[in-house]
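Think of it as A, B, C and D in the order they're written, each chain with its own count starting at 1.
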């Protein structure tokens, strides 16, 4: 797919999953073609074991005969209901609104902000929330409002409630945890199913939990990694979007593991976020389909 | 796609390329669906710059209403001619026949034979041709006929002619050059367009030509690689199928470069061959589409 | 270091570890220099946290004034005792004798045998032991004796005892488990401390235990890996020598994971074996130092 | 080596190269040991083909009996002159002063500044020079002076002369070209031998010159890379410090190549800069030794 498909205007993106059955591709592409849409990109996948079908289609709306706000209704009646589809429809000119949660580490935050400035991440960033104040100054350099919510055992529920209201007020579509070192309650994450993205600083499922670099150093592994995943109520168990690794040696101390780890973390988180922003992710049973 | 789609019987694989135009996917999938075929796998790509469309579709023939030997004719009339398609149709139960050309190095040959024995490469290997005798003994361990064609400036045309006849007699579909250190004449390669696969022991286009490891060592690069590609009449310029690399350091001598290089070479060649065998490659203007 | 240092004759290799203290490098290199040895390669590492020193030195024995069979005694008195060193001395012209244990999978076995034939693994292979007969035919192609020891709960101790005797008779220095799908008893492995090398078909510590590819597929990871390690009495917990990974996608079935996994497994195992053969490994507290 | 060796105070780092000869390690470590220094890290390499020896040693100066400003003189007389060494001595508490040259792309600049803020790059950045004004605003966010030197054919010599004076005034030790899209004259680079670091946005020597991503796309390669190297008067031919790559597919347009390339570029440049800052590089005949 051309890089800028989504940044170009007047396109529809549909993501579908349903029980596998004959004729799905034919019917969906016929639906688009028959209504004068032009398919620009199509990627499908069938999970033979699960007998489940997944597809993402992008088409040009310029000459499409169904008005934008009727597409959903027509699609539901003609295709989704008979074929038992779960689906979502997006338009390329709707910018997603992304909130970022941070603690003290700046490398992932910087990487996201730099990509945003360069136009690589086509989102709006209405606010950044920290449970520490350390990064407030950096955030201010980028003219983005920073909110400070210190969190402890006693105030957690209350603070998360406030955060949630703030996100609602700002019309936030999804949340990125950029090395946010505080576990969100299920109460919170369940409000954003498959819409909270976390970077775990290890190659999950190895070294889940806290201090993975200490665990990696102590075990003497020769590779470290990082995992970008959607957050579910099961800690470190959510659907994995992207992973990458770096080779290490016996020369690496915990400090240098942390440093080499940061390089992987920021790239992995940003690529996971980009896949989400480009509407290329689909979740089924705790696993992801990542479309081309 | 499930790993063994192709090794399972009674499936059709079609690979198509044509000028981009509305409705291609709809028409092809409708053709299959309408004739009672069930699409098992579909991967398409549009090159926006070239305005060209590429697609690979696998479908189940069990209930397909068009008899096997009529599919081509019907498809040509109904779809290929009107849409100006170049296309090829394969059946999963037709095993390709692969010849291997070798010189003195055994690592790529071994890797191919080991995969063949383990059932990973679902081909027949009617013969192996060497321009040196060194590997004859290895080949005999595997009960495959070995033919020795020493080649020099004077006998090249004549020897290639004999080799070609031998390949024809054995019904060879494609040729793998497993570190065959002898340049095939265009006369020969043009008889097998996109059907001769070579491993170049460098990361093309860096260090094309002979002695790439010497060149890499002398330039002081920190990474070496290998390139699996189709052979064309332009030396080292054919369409690239797969590439991979290995990190190296100043500790590596030319000898250890060669050795680390072999690890990359054999994996890259075998993956390129597997993509070809699985009918997942398509060539357009000296570049490849590699389907999922 | 030049690739062929060890395959060249008349060299000594010493590996040392001891509490960190001033002057170790100076004293060891002075010992060699003073006795007319020429240092060809030296690699040292200090673990600052553990306050422990590790070093490997290779030197030319041509003009060395201490006779070979006295070096150990002199070194022990002059240096090892005063500095509390654990150390081992090897000579480049002593070929290690390697036994291979296999079950049914041939890819790792093939890779080792191919490297042996090409001269990359400078060892002797006096025998191969299988707990299944499947690979006997392959082994015979290479003219290596194959011994079949079927193992079940009841006969395990007895069979291992026979295996051990066979290894002793053949003067085996170390054992490679080339996808040997049978857990060795501690009784056995303790007889070969840091001399049994296993390939675990996952990126340890993720997916320890059996069926790691099923576990990886079920968890939906985006990378698989393999781990070459020394075997200890703690299953899957021994010191890691080398690891590597392969990226995978949602398209990969368990079967294709297994296949991509095999490519990593065989390379990782062979590199771990080569590091051992080249006397480049040193174990401390369940971790390895891998020298240049 | 522990990560923070250099950021800790009161250490000496010496880098040496000389013709290979017996006893170098013994004499140098004895020199340090005899004067009450404690070796913290030592890495040596012998290029057997070139018969040349390279070494980097770090030692603790706390109890060293030679005063800092005499070490050079004593070392020269006792060791360097007799052994024909080229060498340099650094102290861990001397922060290097780094200038950054930029054009319009911000990703490499951001990455360097972010690492600087996080304390990973232990340097001072007295100024940033641009041949375009585009990045002035970003630079100002970080409170670093920005100087604008537009360059064209006619004013190049004159502008470089001004730049050079500015660098001298600010006591700049080395220059980083962070996607600076203007070729420095040899006149300029010769003033900073092995002290100007460039990121070439391709895997050199493939696609040297301008527009490498266009060339890569047109050639249909399956991997792109980036190269961090010292700048010499030969364009794109200087000693390579670090390289890395990213896999790509036929789905990648030139735009997405550029984007994936940026991820590699910034990591590669930063790692090359870090190796330089940590005094871990040594250049010999257009190649680098990168110490542990």
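The rule is simple: contacts are C-beta pairs under 8 Å (C-beta built on N, C-alpha and C of every residue); 3 or more make two chains touch, one makes a residue touch a chain.
Please read all numbers here as calculations on a predicted model, not as lab measurements.
Using the average of C-alpha coordinates as each chain's centre, C ends up farthest from chain A. By the residue-number overlap criterion, the interface of chain C with chain D counts as same, with over half of its numbers used by both chains.
Our note on geometry: chain B versus chain D, Cα centroid distance of 42 Å, whole angstroms.
In this assembly, the C-alpha centroid of chain B lies 36 Å from the C-alpha centroid of chain C. Residue positions of chain A with contacts to 2 or more other chains are 1-2, 45, 48-49, 249, 251, 253-254, 292. Looking at the complex, you find that chain B touches chain A at residues 1-2, 22-26, 29-30, 32-34, 38-46, 48-49, 247, 292.
For chain B in complex with chain C, the touching residues are 1-4, 105-107, 110-111, 114-115, 117-118, 120, 138, 141-142, 249, 251-256, 259, 262-263, 267, 270-271, 292.
Residues 45, 47-49, 203-207, 219-223, 225, 239-245, 249-251, 253-254, 286-290 of chain C are the ones that touch chain A when the two sit in their complex.
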